[in-house]
Amino acid sequence: MVQFRSVTKSFGGSSPAVLDVSFHLRKGEFAFLTGASGAGKTTILKLVHMLHRPSSGEVRVSRYSSSRIKRRDLPDLRRRVGYIFQDFRLLENLTAEENIAFALQVTGTAKAKIAPRVRKLLNQVGLAARAQAFPRELSGGEQQRVAVARALANEPLVLLADEPTGNLDERASSGVFELFRRINASGTSVLMATHDAELLRRHRNVRVIELEEGRLVFDSAGDPVA
Amino acid sequence: MVQFRSVTKSFGGSSPAVLDVSFHLRKGEFAFLTGASGAGKTTILKLVHMLHRPSSGEVRVSRYSSSRIKRRDLPDLRRRVGYIFQDFRLLENLTAEENIAFALQVTGTAKAKIAPRVRKLLNQVGLAARAQAFPRELSGGEQQRVAVARALANEPLVLLADEPTGNLDERASSGVFELFRRINASGTSVLMATHDAELLRRHRNVRVIELEEGRLVFDSAGDPVA
Amino acid sequence: MRSLREALSGIRRAPALTVLSVMAIGLSVFSIGLFALTAHNIDVALSDVEGRVEVVAYLRDDASEELIEIARHEIESYPEVESARYVSKVEALYEASRELTEFSDVYSDLEVNPLPASLEIALRPDFRTPVDVETVADRVTSYHFVEEARYGREWVDRIYSLRRVAGGAAVILGLSFAFGAALLIGIAVRMSVLARAREIAVMQTVGATDGYIRRPFLIEGLMTGLGGGLLALALTFVTYQAVERTLVSLAWLPDLWTAAGLAFAGILGMLAAGRAVRRELRRLDVY
Amino acid sequence: MRSLREALSGIRRAPALTVLSVMAIGLSVFSIGLFALTAHNIDVALSDVEGRVEVVAYLRDDASEELIEIARHEIESYPEVESARYVSKVEALYEASRELTEFSDVYSDLEVNPLPASLEIALRPDFRTPVDVETVADRVTSYHFVEEARYGREWVDRIYSLRRVAGGAAVILGLSFAFGAALLIGIAVRMSVLARAREIAVMQTVGATDGYIRRPFLIEGLMTGLGGGLLALALTFVTYQAVERTLVSLAWLPDLWTAAGLAFAGILGMLAAGRAVRRELRRLDVY
């Protein structure tokens, strides 16, 4: 589903943010992406979403390749890949429910289907009571959960989650994590960047990909290029 | 130093964000502020910084009171109270070091003193190598550490930290926490909002103030109004 | 429908920005409107003055009235000529004394009438160029009973150079004002796009197509442009009324001009919006 | 110094916005400039025409030259009178035949000179009002050898109403254009403040005083205003040159006017900036 082949991404600084990384996340697989602050986790996720273009190497996502994809194909790719941004990226002018509905409108979902779907998502992240609030009226954790709901709205093939529990307490964290597991069980691949050591410890059976200064230094699934 | 007397803050919604909260953070004291997502932690910190006005009750910070402070006194108050925002609030157009220097310029610090002070702060948060980067070129954790350095720049009397380790891995987290302890040892009061259960467990001797739906439900220091 | 709703909600979301944009566009199209009003009225005034371009043939005192009448018919059949009017000596004196009041006393003292009879020859609109006027004057002079034909050569030349210069100035000034208006519309729309740069970026990350993102901005640009155009029309009309009532009588703009002005403002708003969004879209995405 | 540096860096940070603001201000002050140029030239033309306001006293043919010369001196000593010129019958005929070419043939045929001698009385600048002209005409008529005094009453009245109307129009149009310019400057500065709303909020949270936050914006507004004023000056001068070369000879604006225009643009920019920042500051803070 997601395949990195010797991917390097340099921003022109002294050392590249991502250096010669290869791995393969299969359909329906769940993996933690871990590493210290600045190790390159967000950069990897953005490469999957094709918000960055690799400096060298190739990123393949579903049937698209970073070296051949056309500008007009990007919307289709991004509809299949849900992304929970580290900084949320909610639309300030829309309420929580409008932010979620927006992702559905953009993909041309039938109007009648939007409202019930939004309600269900808000319930799943425990925000039904704050549906009408604007992002600036939400607490940090509440904003993060709106971002989670939005990323799940279109039932993506791949879910990218960047520190999705960074602003959540233990209970809300497990709630979101359980949600991911359910989504994953229904066939969606999940790549979740986190430095929540506790979470890794608690889920030892989940695949872990570890970065250090841009390099892939550990992958519990073994074979890097498949 | 910081005193809450029956403070309630309502945003006009059904239930207030903070309800009848009283506590006293003494000079040189260190306290964790904890509670689930949406419990009211950020709202409490913003009340201390006088970014919100209490709906009822009184907030006292140093010699200022929320019920008597004048608009023209706000700058003085805010120079004495360092604030690490949950969403960082860096200036997008300034580099990491300029963002820190800015806080010093605003308070009229002599030019010659600014550069060395900024360098020292960057070192303390482990960002010396990224001094010239703009916020959008920094990883989430790097931005957070710039925010930490900026809050410490003016050697505040009170340090407010909102989830200052939410985007940091374990090692960077302890680094920042140790920095807070040193600052605290030199006489600065620290109020740190967090839901890092691990952190609370590791520092059982530190005072904990816990919120639940806006109410103060636990304060390990005992006497609420002093 | 979605685009229209989005455009409206865009306007509602940033009403101040939209009002300001409409005002900016309104002001600049207003300057075009003022200019059009001026140009149109110069035009009207010119064609009025031009209507007076005529050749006057002074007749010998001994010419017979029958011959003159025959000649008058002949002259009226020239392709260049609209009409030829006979002015007798008596009429000439009467007209002179009426037109030159300062000398009316003097004339009434005269014992002989010193003024000659004449034929006043008016030319057709298409034949009022310096060349045509001279042709007619020359042909008329060939009648033996015509003493002299006058036509104010300089006068004709002047009108023509004035019209040419006015036309040129109209085009140059009109273009530069239009440029100014386009600039302001571009500023306004670009601001509104910039104010939503984050929104656009988020839309892209959620998988919205370029067309989907662009459409509401185009409609918003069109509406802003039309709004500005209407404002300009209103301002121009108020100015027209004010001048009409206090200064001089003016002609209002032809309907075609106002319609063209509105269309111009609307299309300009849309194009400026389209350009601004397209640039923003390319800037935000790396592919 | 800090404010200046900040203002410059503010401009550097958003150069597009600043350039656009300068252009917007430039265009609107340019319209004021064009108007000032027009008004000034109407003024020059008017005072030229006005200089020709005179009273003409037609003299009896039997008046002796000596008496006339004495009267001329007396008249020249009136407070209202600038000069009085004697025009003999011969000169009158000569001037008439020169001014009225159409009738030159006629005049040369005359056996008696029908034109009277006259005194052409020019008035001082301050005494060219309808009332003064009539006073002089009345006094002059009281000489027994004066047949009649003419002064084109209507003409004098017309010049005066024209100047009054022109003055009124100048004030009204000038004010409305200035309002438009202020509006645009306000828009531009408000945009630049809005673009930095986040920055302002962050400065407040870091403990910057209102004055500290405001100062760079004020200076930026001043510089933007002055830039726009200079641009407008340049545009006006180019227009002036273009019209001067192709159409008619024009007078350039008095230095005082251009200086006032620049100062106006600068101060307007600063005030608009100040207003915009103050509003923003109050909006962002709850106390």
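The letters A, B, C and D name the chains in turn, as written, and every chain counts its residues from 1.
In this section, contacts are C-beta pairs under 8 Å (C-beta built on N, C-alpha and C of every residue); 3 or more make two chains touch, one makes a residue touch a chain.
None of the values given here were measured: they were computed from a predicted structure.
**Q** Among all the other chains, which ones are in touch with both chain A and chain C?
**A** Looking at chain C and chain A together, no chain touches each of them.
**Q** Centre-to-centre on C-alpha atoms, which chain is most distant from chain A?
**A** Of all the other chains, the one whose centre lies farthest from chain A is D.
**Q** Hey, how far is the Cα centre of chain B from the one of chain C, in Å?
**A** 68
**Q** So how far apart, in whole Å, are chain A and chain B when each is placed at the average of its C-alpha atoms?
**A** So the centre of chain A lies 29 Å away from the centre of chain B.
**Q** Averaging only over C-alpha atoms, locate the centres of chain B and chain D and give their separation in whole Å.
**A** 62
**Q** Please report how many Å separate the Cα centroid of chain C from that of chain D, as a whole number.
**A** Spacing between the chain centres: roughly 25 Å.
**Q** Have a look at which chains touch which and call the overall pattern line, ring, star, complete or other.
**A** Chain contacts: single closed ring, each chain with exactly two partners.
**Q** Check the chains against each other and report every pair that touches.
**A** A-B, A-C, B-D, C-D
**Q** If we count contacts the way the header does, which residues on chain D are in touch with chain C in the complex?
**A** For this pair, the touching residues of chain D are 20, 23-24, 27-28, 31, 96, 100, 102-103, 106-107, 109-110, 114-115, 150, 165, 168-169, 172, 180, 183-184, 187, 190-191, 194-195, 242-243, 246-247.
**Q** Please name which positions on chain B make contact with chain A in the complex.
**A** Contact set of chain B toward chain A: 11, 13, 34-38, 41-42, 86-87, 130, 133, 137, 139-142, 144-145, 162-163, 166-172, 195, 197-198.
**Q** Please give the residue numbers of chain A that touch chain C in the complex, ascending.
**A** Within the complex, chain A contacts chain C at residues 49-53, 69-72, 74-79, 83, 85, 89-93, 102-103, 105-107, 150, 154.
**Q** Which residues, counting only chain D, touch chain B once they are in their complex?
**A** 2, 13, 198-199, 201-210, 212, 285-287
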